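Following: one structure in structure tokens, then a few remarks.
Labels A, B, C, D and E are assigned to the chains in the order they are written; within every chain, residues are numbered from 1.
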Amino acid sequence: MGTVVFFIFAIMAIAAAWGVVTSKNIVHSALYLVLCFSGVAVLYVLMNADFLAAVQLLIYTGAVAIMIVFAVMLTLRGDISVSNTENRHWGWGALVAALVFIIMALVILANPDWRILATPWTSGGSAEDLSLLLLTRFMIPFEAAAVLLTVALVGAVVLAKGVKESK
Amino acid sequence: MNLSNLSVGLSTYLLVGAMLFSIGLYGVFAKRNIIAILMSIELMLNAVNINFVAFNRFVWNQKSGTNYILTGHVAALFVIVVAAAEVAVGLALVITIYRNRQSTNVDEFNWLKW
Amino acid sequence: MFKEMHDLFRWAWLIPALPFLSFLLIAFVTKRSKGLSSTVSILAILASLGLAIAIAIGIIQSGAEIVEHAAIVNVNWLNIGGLKIDFGTVVDPLSGMMLFVVSLVASMVQIYSLGYMHGDKGWSRYYCYQSLFAASMLGMVLATNLLQLFIFWELVGLCSYLLIGFWYFKVSAREAAKKAFMTTRVGDFGLLLGMLFLYTKFGTLDFATLAAILNTNIQNVAVIGTASYVTVMAFLVFMGPVGKSGQFPLHVWLPDAMEGPTPVSALIHAATMVVAGVYLVARMYFLFVHASPSALQFVADIGAFTAIFAASIAIAQDDIKRILAYSTLSQLGYMMFALGVGSYSGSMFHLMTHAFFKALMFLGAGSVIHALHEKQNIWDMGGLWKKMPITGWTFFIGVMAISGVPPFAGFFSKDEILATALQNGHPVVYAVGLFTAFLTAFYMSRLFFVAFCGPEKPENHPHESPWSMTIPLIILAFFSVVGGWAALPDHNFAFFLHYLPLGQEYEREAINWGLAGISVIAGLLGIGLAYIIYLKKAIAAESIVARFPRVYKVLQNKYYVDEFYLWIINNIMGGVAKVLYWFDIYVIDGIINGIAFITRGSAKTLRRTSTGQLQTYAMVFFFAVVIIFMVFAFGEGQLTSLNPLATLGGVK
Amino acid sequence: MISSALPTTNSLLLPFILLAPLVAMLMIIFLPKDESKTIKIVAAIGTLISLVLSLYAFFAYDRVLGGMQFTLTIPWIPDLGVNLAFGVDGISLPMLLLTNIIGFSSIYASWNMEKRVKEFFALLLILITGVMGTFIARDLFIFFLFYEIVVIPIYIMVIIWGSTKRVSKEYAGMKLTIYLLIGSAFLLVGMIALYLAAAKNGQPTFMFDQLAQRQDLYSPAFQKVAFGLMLFGFGSLISMFPFHSWSPDGYAGAPTAVSMIHAGVLKKIGGYGLIRLGIFVLPLGARYWAPIIAFLAICNVLYAAFIALAQKDLKYVVGYSSVSHMGYVLIALAALNPTAMTGAIAMMFAHGVMSALIFSMIGFIYEKTHTRNIPDLGGLAHQMPRLAIGLMLAGMASLGLPSTINFISEFTIFMGTIHVYPVLAMLGIFGIIFTAVYILRMIANVLFGPRRPEWDHLVDIRGPELVPLVICVFVIFITGIFPNILLGMINSGVYSSGLAKVLETVSQVKMGGLF
Amino acid sequence: MVDFNIATVLTPEIAMAALALILLAIGLLIPPGARKGMMPLTAFSLLGVLGYTLFDFFHGTKALFLDGLYLHDQFAVYFKVLFLAAALLVVLSSGGYVQKLAEHRGEFYSLIMTATLGMMIMAGAGELITMYIGLELMTISFYILVAYLSDDARSSEAGIKYLVLGATSSAILLYGISLVYGLTGSTQYTEIASGLGANLSPASFLATVFLLAGLGFKISLVPFHLWAPDIYEGAPTPVTAFLAIASKAAAFAVLIRVYLLMMNSQAFSGTGQTLLVVLAALTMILGNLIAIPQTNIKRLLAYSSIAQAGYLMVGIIAESVAGVKGVLFYAMIYVFANMGAFAVATHVSEKQGSDQIKDFAGLARRSPLAAVVMTASLLSLAGIPPLAGFVGKFYLFSAVMDSGYTAIAYIGFVMSMVSVYYYLSVVKVMFLGEGEGLPDIPVHGAVKFTMVFTMLITLAIGIYPTPLAQMAAAAAQSLIK
């Protein structure tokens, strides 16, 4: 059953990702992105990362996607159906991306240690377990991440508001 | 949810990650709209997260000591945070540059060259 | 006696030092004051002359003793590992004679110049150079070793250069000076090489030591190397004299050197400097003697050829100084072949007498030129004997002397040379010498008859020169007459000098009146022929010229040797220089500039990789990642494990 | 003066010599811009102090004792083994003296400088200090440091105060700089390789003497490669064929003072380095490369002499002539025997003084006539007799006239080389003929000939302008007439520093050479 | 669990975070008229932290915190000193520049603080996730700083380029981290070292390459360098300075740590090492070559800094204490040399309104101090004695030659002499161009101080490098047991 679920959502995620990069309409791309994130969230659940799945849904499908949609709306002009076209070099892009995929896939497939099935899950993974880690071992990156978010906030404000040189 | 009897292997998960990564990469390479590029980057970061979680689940699930067992999750969490921050700044930048250039087409962002 | 004399000889260094002092004085102190400069210079050279006379007397008194034990004083000059050179003075009959001749002629010329150079702007400079020349020449004569000699040798060359180019505003003087320096430089190249080989072989350049080594070891070829090695050295050393003494083929500079003031020509290019080569060969005679016979034969051949070669040119020249110059060349050839045929003392004898009468004739010519306001063509002169009696008479003495008419000096020395040539088995050389004597008499008489005896030219207003010019003429004329008597009553200058090379016993020999008669006849024939052609005009010179137009042209153009050299210098050397310059600019520099150009060009091309398109950057980035990974994996031999078939098939 | 009165270790004499121009430079920096007279005087005093002190060093040096004297050693960068070590021996002392002679003269040769005086003299003093530093350094690192210090001031001086002729001064300056720097890049690699090889025994050092002592640490193969690198670096500096092409252009572009110092002393660092670093430390490498050096040296002599014949620009003539003369130094180095080595050092000294003199004279000519084109000049002896004397004496020295130091050094060189490379040495001696040709042609065409009215307004050199003339001529002739003053010193240097012993050892080594 | 003295050890980081927030607050709270005091305030607080860090360097003890996830060794502290010094100099030299900003001055300084904080975390990180967060903190601060002049389209363009490329590169870095995690089960350096040592698989190679690419992007290693010139050109000049100096140094701090663990794993024994050599050589060659035809001073300095990264890589390739020491030494002097150049460039572009090299014409006359400082800085970058760059290069290349890589030393030295060519072109313009009729450019206050200070330090280290060399040696020793 898990296998079926996995394949459904994995294929969904990949297909949605494909949609993101191939859709000619930027709004469609944004919606595909939401779909993709959701599919990935399901994969997290399949891998016993329930908390992460929740975070994924909240942050990505919620916050990030909404932000993107806002940005799309703010910057949209002209015909929306051609708002997201490919550039001239897309063929080369496809080639390089394919090459990257090939080496990644080869490496993954060539590694016998990774041709394994899951052992029973023993490690927890609840918000509590994670928070304990974050506040002890990963205290410094955690604090830094807090600063990082502040910086992002400030930066977004500064940039969006615009800094002018006084003449 | 009890999905303990799943039978999909690590490689498969990793392949999904790799595929998402490459698709995102393609998006970065090929899309004209800067927002689409930002979205593609999000895809790549997601692919990495799949990797982290999968490795945590399959390989290091039983590694002794509580200190280690959730490193992948923690990493994924941080990546999500960073991705969010990045996208926030990125979109703000998009707005800025749109104000300046009246465009979101990266092909036109080539004033700085040579 | 000898001991006391030896103390005198220790002071020989003063002879060059005094003129050198005067040179410094003039250069740094008195150059503003004309009178003072000339006074200083003349006083110095006269003092040197006095000393030289004293030393000469001392030498004569010392007799054979000084021949065997030359008075040598040495101080160390340079002492480094592998090279030790002394400076010193050697007093022996050879140097004594030279000292006397040089200081005498130099003083005469300097006194003469008081009149000749009167009013010249470069007066002080002139006496400055004169003093330097006297110092260098006298220093060269006194040199105890080859390097010292070479140093002064070059310095006299420098003075010659300076004095030829004394009137530096004349382009011809400038070019002549340059030519003189460059030509002699070619000879010096060989001399320098010879010196180097000598030092490497024998570890010394000291004449006495070298002679001793060669004399003692000559049998033992293993010690000093083969005779041919010595011969090579002899040839190389001989190159110096070829340049300096104007032997063929490096004779070209000497006629041009007449661009200098005439007293300079008299002093340097007739009497003293040009004989330096002869002097050098005489000094190094032991080397030539020990070399294979071909070396001396070569010297003789070159000398003889130069003698007749220059004499033949002199016939066709019209410029009074050039005639004298070619005559000098010819006489130098005489001295050289004298050495070659083994007439060592004869050569030195001729050197001395030639110095007297050639200086006399040059000064006489100078007197004429002075009187005629720089006219030098003999055909523009005429009838000068009457207007300038002193000059005329003294010049006549000179002509007689050079023509070998007894009892004038030239007769004795020339006769000794010719006699030795025949005795030592060089009949061809003898014949050449004899014919040269005939030619010499001919062209000198031609000069004399045309310039002094011919019809007066109305446009000329000659008058006798001032006393400062005539007194030296008279003194030199005196020596031109009595100079040869030194050989009397025996017929050999060696008697006078008590000197033979290699310490051989001097043998008296009587004068061979038969041979002497032949040479006198040759001289008289020459004079007679000139008399007939130029004074009597019994045979028209023009008709001879008309009969052999080519020959005349070739002679007048000095066998086109100058043209040939000029062609070589302009076309070969200049051409090579241009080609190499082209090579330097376009190939060597071109490579450098090419590298720079390639660098800049590639930089400009590579710059275009930065397209400004961020997606291109990203693609390059990931493509590079792929490539690096592939290389990495391939290099580490991991590529096979990446084979997907193997992976999927589970073949492990 | 007896040197034993001086402390033989930690003498402060050399630092003072080094510091005097530096202090003058600092004073100049703080002087106001328009006080050009004061600036020049300060510069002159600074170099004069150095000159006097180095003269004192020259005569106070104990030739009997030999070796390094007036030494000073301060550990500087301990982890690299760098010592701030100064000292002079018979090899470096003449070069030090030469530097100061030329340095002092060059100040006066630039006495008429009016453009950006302050910067000019400040840079010039840096240049002089740098060159001096290379010669008194006993430590390779310090040596190299000083050497590279001088490159940039030269560039700046060329581009600001230089002159343009066949090539632009910017090009000339850049070519000069990059050429020397690329050469020094290879040198640096060789130097590091040497340093690392010497540090194999665990005690890193840059001291020349210690590097030389550790012969057993350098394999023959290593020596070959390392010496090759040195040869490239120093060879470029001494303008060895075919790495000479910076030299004529560089000199033509440079202002007088720079040409003087560059041709006079800076170039000699190449020869000095080849002795100090190449032959002392890597004798086997030197032995291996010697035939090649000798061959290239003769190329230098003849090739450059020929090209000088075809030149019309005065500075190009002298530029190529200096390339030609360096050939003599190089072949002497290649001969690898004490006599030739003495000659080489003497030649460097002699050529230094001579070229300084000739460049200063040409500088005055250019300054007054604004041309260096030989056909445009002529008859200058009429208007400027003193300058004519200077140029002529320099020319005579250049063609190796006896009684100049140049003759003795050439002679010593030939003496040392003739039995090692007979054919090549003969070809080299043959070169003196061509030297005579182009020098005499230059002198004749510039100084002599009819008076030209267009130059009648020229004023002869006078006052301070005479200083380079007087000093250089005095040095040329006094050392030429009494050569033991200089050659005795060098000789004691060659023997007491152990160079002679090294040469003796190496000459007995059999090696498969190229010729 | 938590070490009781972690607070004392983390003082600089905490102080930086606090300062960032305080400056942010002050910037918002105080009235615009009083904002002139922002610069001195920032500078003095940075100076305080720098002083503490220096004290820490000499008197602190080596310690591991949080099970080795965060390291406090002299290596880390050395880099913190470096970052703080760079930040201080940037702040000092940017006073005039920031004055021109109508608003958000507080944020500017605050962002410099956070970027510095990110670098410090990178240097101290003992594991990859912490490192990554530090890196992102730095990078995101830089995204904003680069695009700070939001009405300047070039600045925005640089920002967007940096953001896209930076994010892509961090994605690949993350992918590498995930692979490392997958291979070894840990993100901690020491454990990775032991884990990878036994595992030589394509995956470990891929992880290595991805990590190298991610970090190589930051140090602008060829072929991951293409972003640098564009971003350097577009960014505000002080930001460019900071970006070129500090962010590169931070990436090197990480690279050294990561590389040393890779080194243990044999992954870099054969081909890997060769690859690095080739990349370093390419970096030196391309950086120096492309710099030649540049006409914009910032772009020129960008390519120059690419080349400098190549030199620094050489020290890493040496795989020895000496090599690391060389990198540390060179990185420090690089701060001062580059800072001097950028201070002048900032000042001139502020007065002149242009970054074109031709606008430096006659600077030697218009502002002798600036011209001299620029010359000294550029020549130090080129490695001309007696300036510090020479000694630095000497350390680097002697280390790499000692490890047996002579070829790269040739390339390095030759290319650094080629670099003299374009540095001298700038010098030429400054000294030769007369700049007719242009007014003098006076230099005052903090900017003057920065210029003089950097030049003096460059000169002083070049003449007497021992103190810095000892510091670098101590730091390198603390890293490698």
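What we mean here is this: contacts are C-beta pairs under 8 Å (C-beta built on N, C-alpha and C of every residue); 3 or more make two chains touch, one makes a residue touch a chain.
All values reported here derive from a predicted model rather than from experimental measurement.
Of all chains, A has its CA centroid at the greatest distance from the CA centroid of chain D. When chain centres are set by their Cα atoms, the one at the greatest distance from chain E is C. Chain centres defined as mean CA positions place D nearest to the mean of all protein CA atoms. Comparing chain pairs C-D and B-C by the number of C-beta pairs in contact, the larger count belongs to C-D.
With centres set at the average Cα position, the gap from chain C to chain E is 75 Å. Centre-to-centre, using mean CA coordinates, chain A is 4 Å away from chain B.
Computed centre separation for the pair chain A/chain E is 30 angstrom, with centres defined by C-alpha atoms.
With centres set at the average Cα position, the gap from chain D to chain E is 42 Å.
Touching two or more other chains at once are residues 178 of chain D. Shared interface positions of chain A, defined as residues touching 2 or more other chains, are 87, 89, 92-93, 96-97, 100, 103-111, 113-114, 137-138, 141, 145, 148, 151-152, 155, 158-159, 162. Across the assembly, chain E contributes 67, 129, 132-133, 136, 140, 143-144, 147, 150-152, 159-161, 164, 168, 179, 182, 201-202, 205-206, 229-230, 418 as residues in contact with two or more other chains.
Of all possible chain pairings, those that touch are A-B, A-C, A-E, B-C, B-E, C-D, C-E, D-E.
Looking at the complex, you find that chain E touches chain B at residues 67, 129, 132-133, 136, 140, 143-144, 147, 150-154, 156-161, 163-164, 167-168, 170-171, 174-175, 177-179, 181-182, 185-187, 229-231, 233-234.
Remark: chain A residues 103-104, 106-108, 110-111, 113-114, 136-141, 143-145, 147-148, 150-152, 154-155, 158-159, 161-166 touch chain E in the complex. Residue ranges of chain D in contact with chain C, taken from their complex: 175, 178-179, 242, 244-245, 249, 303, 306-311, 337-339, 342, 379, 381-382, 396, 399, 401-403, 407-408, 411-412, 414-416, 418-419, 425-426, 429-430, 432-434, 436-437, 440-441, 444, 447-451, 482-484, 487-488, 490-491, 494-495, 500.
Touching chain E in their complex are the following residues of chain B: 14, 21, 24-25, 28, 34, 37-38, 41, 44-45, 47-48, 51-52, 54-56, 59-60, 63, 67-68, 71-72, 74-75, 78-79, 82, 85-86, 89-90, 93-94, 96-97, 99-101, 106, 109, 111-113. On the chain C side of its complex with chain A, the touching residues are 615-616, 619, 622-623, 625-626, 629-630, 641-644, 647-648, 652.
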